[in-house]
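Once you scroll down, you'll see the structures, which are given as structure tokens.
Two complexes, one shared chain (chain A), two partners (chain B, chain C).
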Partner chain A sequence: MRRREGLAKLTGSEKYIDDLSIPGCLWGMAARSPVPRGIIRQIHFAKDFNWSEFVVVDHRDIPGTNEIFMIQNDQPVLAADRVMHIHEPVVLLAHPDRQACRHAINQISFDIDPLPAALDYRKVPTTEQIQYASDNVFAHLSVTKGDVEQAFKDAPHVIQGIYETGAQEHVYLENQGMAAWFDDQGVLTVQGSMQCPYYVVNALKHALKLDESRVRVIQSPTGGGFGGKEDYPSNLACYAALLALKAQQPVKIIYDREEDLAATTKRHPARLKHRTAVDDQGRLIAQDIEMIIDGGAYVTLSPVVLSRGIIHAAGPYACDHVRIEGKAMLSNSVPFGAFRGFGVPQAAFAMERHMDHIARTLGIDAVEMRRRNLIRDGQSLSTGQVINDGTDRVALMDLALKESGWAGHIKDHAAFNQTHPYLRKGMGLACIYHGSGFTGSGEVHLASKLHVAGLSDGRIEIRSANTEIGQGMLTVFTRIASHRLGLEPEQIVIAEADTSRVPNSGPTVASRTTMVAGKLVENACSDLLDQLGLPVHETGQVVVDAITAWHLDNPGQELVGTAQYRQPPGINWDDKTYKGDAYGTYGWATYIARVQVDLRTCTTTVLDFHAVQEIGTVINNTLATGQIQGGVVQGIGWALMEECCFREGAMINNQLTNYIIPTASDVPGISVSFLENPYEHGAMGAKGLGELPMDGPAPAIANAVADALSQLLIDQPDTIPLTPERIMSLTTPIHA
Partner chain B sequence: MSTNTCTNPITISLTLNSKPLSIAVDPAERLLDTLRYQLGLTGTKEGCAEGECGACTVLIDDQPANACLVLTCQLAGRFVRTIESINVDTLHHMHEQGTTQCGACTPGVVMCAQWINEHQDVLKHQSLRQLMSGNLCRCTGYDGIILGIEKTLNETNPATAHKDPR
Partner chain C sequence: MNILSPSTIQQATRLLNEHDGAIVMAGATDLLVNWPSNLNAHERTYLDISSISELAFHSFSENELVLGALCTYWDIIDDPCAMQHTKLLVDAARTVGAVQIQTRGTWAGNIANASPAADGVAALMALDAQVTLTSATGSQTIPLDTFYLDYKKTRCSHDQLITDIRVPLVRPEFASFVKVGARCAQAITKVGVAIAQTDANWRIVVNSMAPVVKRCAAIEHLLNSQTPVHSPRDFAQAIEADLAPVDDIRSTASYRKAVLARVLYHELAPCCPWFSKNGISKNGINQ
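And now, the complex of A and B:
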């Protein structure tokens, strides 16, 4: 099945929020803090400027609580007495003319008494830098299994490593944007680019002091999210709504690229330390891991990112003794946030670099090292979760090795590297896994609801708050319902994600949409059949006829099948001890990169890339393949070129001219293969897939670079991105 | 809603999507804004506003151009084509091959592909990946784009079947 909204996107007729013409609409914009931390003394509005044309909003105009509703609600909508990072919004302006708005922002200046800022999350803060609890630690989480201390005492080898990853920008091609207006009854409507409409509802209720019946949120077609439009759209929604409230006119805020890069979230920078006890054969005896992530100025989503990160930090391996300590630290930067992978890419980079490090130290082949440790059915992960899904992870790795021509290339490269004056080739692999859906009891707390309505013309309408952000949700939900009820795709309507019409089926995050919400589509279809008095496996025209007949009998009424999430049996998780089944299921993969480093320029080219994964049933091959390829290329960017440069906690290369993402000519074709092992509790047997491809590329590439440069390295490529500058600093000069 | 209140408009005539057009614009107005906010042709997107992403690609006198870097007042007598001029029947291969995901880069990609299709000789000098490297896409990893364009080119010109060498 082709992408449902594909032609609208290809012809440019799809209407994103910036494409929507709203009569009488003003443009909104924010004036932001120029310093990383300080006490606001005064805000100056230039004297010789006509402010009467502008709507001006500050924290005193907030009718509700000056907080962005999230985990800890510590981020203000607008800074009141203090600022915590550069670009923190303090004042909002609206005007019919966008240029006038831009101009006016520069007529506002701030009188701020600076305070000592915490600018390096890796350093223990000084007393003056403490701004949260007693130590600037937002969250401290740990996983323990077995007896780590004892295991280290008896170990023949102990191998250590430190690994660092940098921030990464989402660079969704459509910048953040939001519009807000009040109707005559005082009902607020907010429409825009977002992943999670009900997060926005909650934020508006909290900051605008409105009850749910007075808030309506509509998702516009969204030009990419990748996590960047998980929580941050709540901020824009509050800004636009506050301006609209004061102006009594619609207000639209569309960030331009510079503002978007400077003022919105990024992937958490992270540092991981591994200390590992191994036997002579390279079998893991004990793992002691520390993971520190940079949370930025406010808590936002950092604790949950850290949680997923540490749960995955020990890798897809069997090890009896594991201790993982994780910390999310405050720093005076724009908060770091959700980004595809959600803590796992950082953890996987460290683990898979470390596996190569152990192998190299012991003189064991990197593949053998993994073969000896990959988790087999019946063994347990670090949380004690016993894996018994029937997936052969060693066979999966072997398939990847075969498809990539591993053995042949290794031989060819040895000969090539001996003779070529300045090119070096190498290969690297990474074995990765990613838990599908929310961590632990997350789905239980969400208790998502979804509806499937039978319409009077016999079609059905799926009503969910899950959003199409490019990943193909419209097409996949259509396929799931058409498969369940034996209907043609045209007989299935997907309701706009408008909270006045759709129930809260949960956020579009955590690779949960297909697996979890898709399952709710199936179950709501079953409920619909039940209400029609049809047997549970009835399909096709009988269903259509029953729906139309029902409407003839019940004119003007709604026929709605409902479903609510229920945890599958046999999943046990303890939030307090971090023990048990952290996820209902996992996707598994082996990724292999082949690279070439040019010693003259220190540039790295990915020659080919193979991604082999087991993600349950593949519901739509084109969409699934596209997700993997897109994720891999984001991973290549993060590994080799994407570098956020910070000064005083603010991104200073906030333009696509100097924040570089891969172009078509920077990457090879990405080869993708699937093994299918249906997951009984996922829609049609599907597991999550969207994040897995972000986890594997960086370690595979860094391992390949280490392989290519093995004769030349004075330091290991354990920090990414591996820009030419970094490669140069790791190698002895070619002509030395 | 405007982006710009103008005090000194200039009136120019050009051909837009094969139709003559006379329009009064601020001398500082970008073609991108004229298209989107004055003419309601919102298919052309803004991704970066500095010529890096190609989301705003249009054809001016048959050459691809970034509409965010062109002032409308420079276009007197020129021929401009936007995504709105594209015949939907030419898009089925791209639809099938996963050329679009979120769609924000897509109109720019389609316009560049249209230009390549009309000037297939350029493929003698540069690979399709090189020719498409002015259009950033954050979703597809480019395989779906390259494949969709290859199939489209092969349909228009089967004699010189194109295949991504990588």
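And now, the complex of A and C:
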């Protein structure tokens, strides 16, 4: 099947929000805090500057509550009396000329009394740095299983490690962008680049004091999200809407790359400590894990990122005694936000590095170490969730080993490393898993709704708030509906994600769209058949005929099949104790990286990469393979080169010349294989897959680097990114 | 933005005289970086030389390669003669940005822009290139290795244009160009070195190691005198004497120095019989 919007994207005719011409539109821009923390005394507008042409908005222009609606609502739309991070917006400007806005922003300055900023989330804050609760802890969550203390007492070996991961930028192709305007009836329309239209609706209702009937949000074609357009578009939508309200004219805000990199969310930096009790064979007896993530200046999504992180922190292994403590800390940085993997990449990096560390310490082979511990059906994960899905995770690992030529390469490398003057080769693996859909009772709370309408010409229209963000959602929904009803792709229309027309089928996040929302497509199709009085398995022309006949009988009426999420039977989760079925199902994978380190420059090249995963049914092989390969590339970047340099909590390498992402020449061939074990509660048997590939590359690569440099390391590669400068510091002292 | 578009060198130099502070523009790959936020640049006057056809050439004669001011990296990559006679330039050109930049960026622009990271400059300097500067009153040709005065300061005055670059065709016995960047393409050099040797005469030119691209007298002396070298560490003193790299957003001074020493050692060890090879040990290479 052809990608639905493929031709438009290929030929450049797709219209992103920046391409959309809106008559009478002004450009909006924000003046931002220059300091990480302080009390705003005064805002100066340069005297010799003509401000009369500008629309100026500050916190006093907010008709509703000065809060971005999210988990805790602690982030103001615009800073009022104090600022909490550099680049926090304080004043908004709009003008017909974008260049004039750029000039004017430089004519605004601030008198701010600085306060002591908390700039290192790993350090216990001083009294003067406390800004949230009594300890700057945004969220404290834990998982417990068995009796950890007792288990450690009797353990033959206890092995510890500390692992750190850095922030990461999404670097979606299309920067953040949003337009807003009010019509004559006072209805606000906001259109732009986003993953979650209903999140934006809720933010606008809250800040602009509008009821739902007066807010309409439309997603425009979106050039990538990766989580960066989960939470942040709510902020941007509020800015654009406030300016539009004051100007009584449409306003568009399009970030350029520097502003986007500086002012928007990034992946949470994290530090994990592992203390593990093991027996002589390397079997895990007890795991004691601490995970700290940097939340930035406001709570935003950090508690949920932390939640998913700690739930995955103990790895896809069977262990009877587990204690995981997680904390999300305040720091005076741009808030860290949603990013593909959502806490799991950090957790998986630590766990899989630690597995190699244990293996090395005990003199056990890294593969054997995992073979002995991988979870078998009937055993339980850290939350006590018993896995019984019929997937053989050991066989999956063995397939990856076979495909990557593991055993052969181990021999080649040993010979090569003996003789080459300055190149060293190594191999590493990581066994990973990723829970599909929202954590715990999240999907129950969302209670997503989706519609499939029968149109008068016999076609059907899928109405959902899920968004095409480059991942192929339009194509996959088309495939699901065409499979369910036996229709050709051309007979299926997918409605624009316009909240005035589509119900809230939930956000496009958490590897949930195909599995969860796709299932709602199937169920709404069933409901449509039911309303037509057709048997549940009816397909093809009979359905088309029935739809057209229905419209002849009911002229001018809407024929709509509906579906709402219902939790599959047998899932039990306790939000208070963090016990039970954290996810309906998991994707499982083994990733293997082969690297070469150049000892002259300490540069790491990934020679080849093998990704083997079980993700339920593969609905579209091209798209699924693309998701895996893209995720692996993003993982290679995070592992080896992507580094946000912060000064006073602000990113200072906010240009693509200095924030280094991999180019096509930096990535190897990425071999992708799927095992299919259909999940009965996912559309066509699918599980989530979009985030899984982000979890495995970093630990596989770091393990491979450790292998390549095994003779040379004075310190382990337990912090990423493994830039050449870092690798040099791990190998030998640099001579003066 | 005010643009002047001369079509001859004569017009161009006259316009440069008349418009004080006009900025020469060739491929614009340096000039347009960060254009939207580079507000001051918008008010300036630009002298666009891209339609001066007499500058768009490169030619090989018996003992010289002449690059016109509009000659691009791609022109050189694409010319089999260049591969045969000035491979060092081809090697350097291939490391510049990626193909889009290689087809637009000019060698002369690389020189005039005076970035300490300029890759083209390093290769040209190692081959003893000369630069011709032309103003309304006449031309002068000066060695490229005397062109830079200090960070971003050159001997090209405001009324002068680089009209050509002359590279003598003395085929070096050994030549090598090594660029160490943060990735394989579209990378700004962290450590760069161009090496060329004829007889007992070594030329070592480095970029991103000092405020200007420069020859390294102490390193050259070490090689010219055939002082025994046992390991990368034996370059440390000469590197210290020649260079003072900085810690910046792209790398650190200590990384740059260590890498330069290691690269020099491993590039030169195979072809310098007076090097001992035991600098390569099992437990590291920089001992």
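Everything that follows uses one rule, which is that the second predicted complex is superposed on the first by the 732 of 736 C-alpha atoms of A that agree within 3 Å, B and C clash if a C-alpha of one lies under 4 Å from a C-alpha of the other, contacts with A are read in each partner's own complex, and residues count from 1 in each chain.
Please note the rule applied: a contact is a pair of C-beta atoms (placed from the backbone, for glycine too) under 8 Å apart; a residue touches a chain by one contact, two chains touch by 3 or more.
Bear in mind the structure is a predicted one, so any value in this text is a computation, not a measurement.
Asker: In the overlay, answer first, second, both or neither for which of chain B and chain C A:256 touches.
Answerer: both
Asker: After the superposition on A, what does A:421 contact: first (chain B), second (chain C), both or neither?
Answerer: second
Asker: Which holds for A:663: it touches chain B only (first), chain C only (second), both, or neither?
Answerer: both
Asker: Regarding the shared-chain residue A:53, is it in contact with chain B (first), chain C (second), both, or neither?
Answerer: Neither partner.
Asker: Does the superposition put A:488 against chain B (first), chain C (second), both, or neither?
Answerer: In the superposition, A:488 touches no partner, neither chain B nor chain C.
Asker: Tell me which partner A:9 touches in the superposition: chain B (first), chain C (second), both or neither.
Answerer: After superposition on chain A, A:9 lies in contact with chain B alone.
Asker: Going by the touch definition up top, name the partner, chain B or chain C, that contacts more of chain A.
Answerer: Here the partner covering more residues of chain A is B.
Asker: For A:222, using the defined touch cut-off, is the partner it touches chain B, chain C, both, or neither? Pick first, second, both or neither.
Answerer: Once the two structures are laid over each other on A, A:222 reaches chain B alone.
Asker: Check the residue A:469 against both partner chains and state whether it touches chain B (first), chain C (second), both, or neither.
Answerer: In the superposition, A:469 touches chain B alone.
Asker: Taking the contacts chain A makes with chain B in one complex and with chain C in the other, which residues are shared?
Answerer: After superposing on chain A, chain A residues 99, 256, 655, 657, 663-666 contact both chain B and chain C.
Asker: Can you tell me which positions in chain A touch chain C when the two form their complex?
Answerer: Listed in rising order, the residues of chain A that touch chain C are 99, 102-103, 106, 256, 258, 421-422, 599-603, 641, 645, 652-653, 655, 657-658, 660, 662-666, 711-712, 723-725, 728, 731-732, 734-736.
Asker: What part of chain C is in contact with chain A in the complex they form?
Answerer: By the definition above, chain C touches chain A via 33-34, 36-37, 39, 42, 98, 180, 182-188, 191, 233, 236, 249-252, 254-255, 257-259, 261-263, 266, 280, 282-287.
Asker: Would you pull the chain A residues touching chain B in the complex into a rising list?
Answerer: Contact set of chain A toward chain B: 2-3, 5-16, 18-19, 21-27, 96-100, 170-175, 221-226, 252, 256-257, 469-472, 608, 622-623, 625-626, 628-634, 655-657, 661, 663-670.
Asker: Can you list the chain B residues touching chain A in their complex?
Answerer: Of all residues in chain B, those touching chain A are 1-5, 36, 40, 42-50, 52-53, 55, 82-84, 86, 88, 91, 94-107, 110, 127-130, 132-146, 164, 166.
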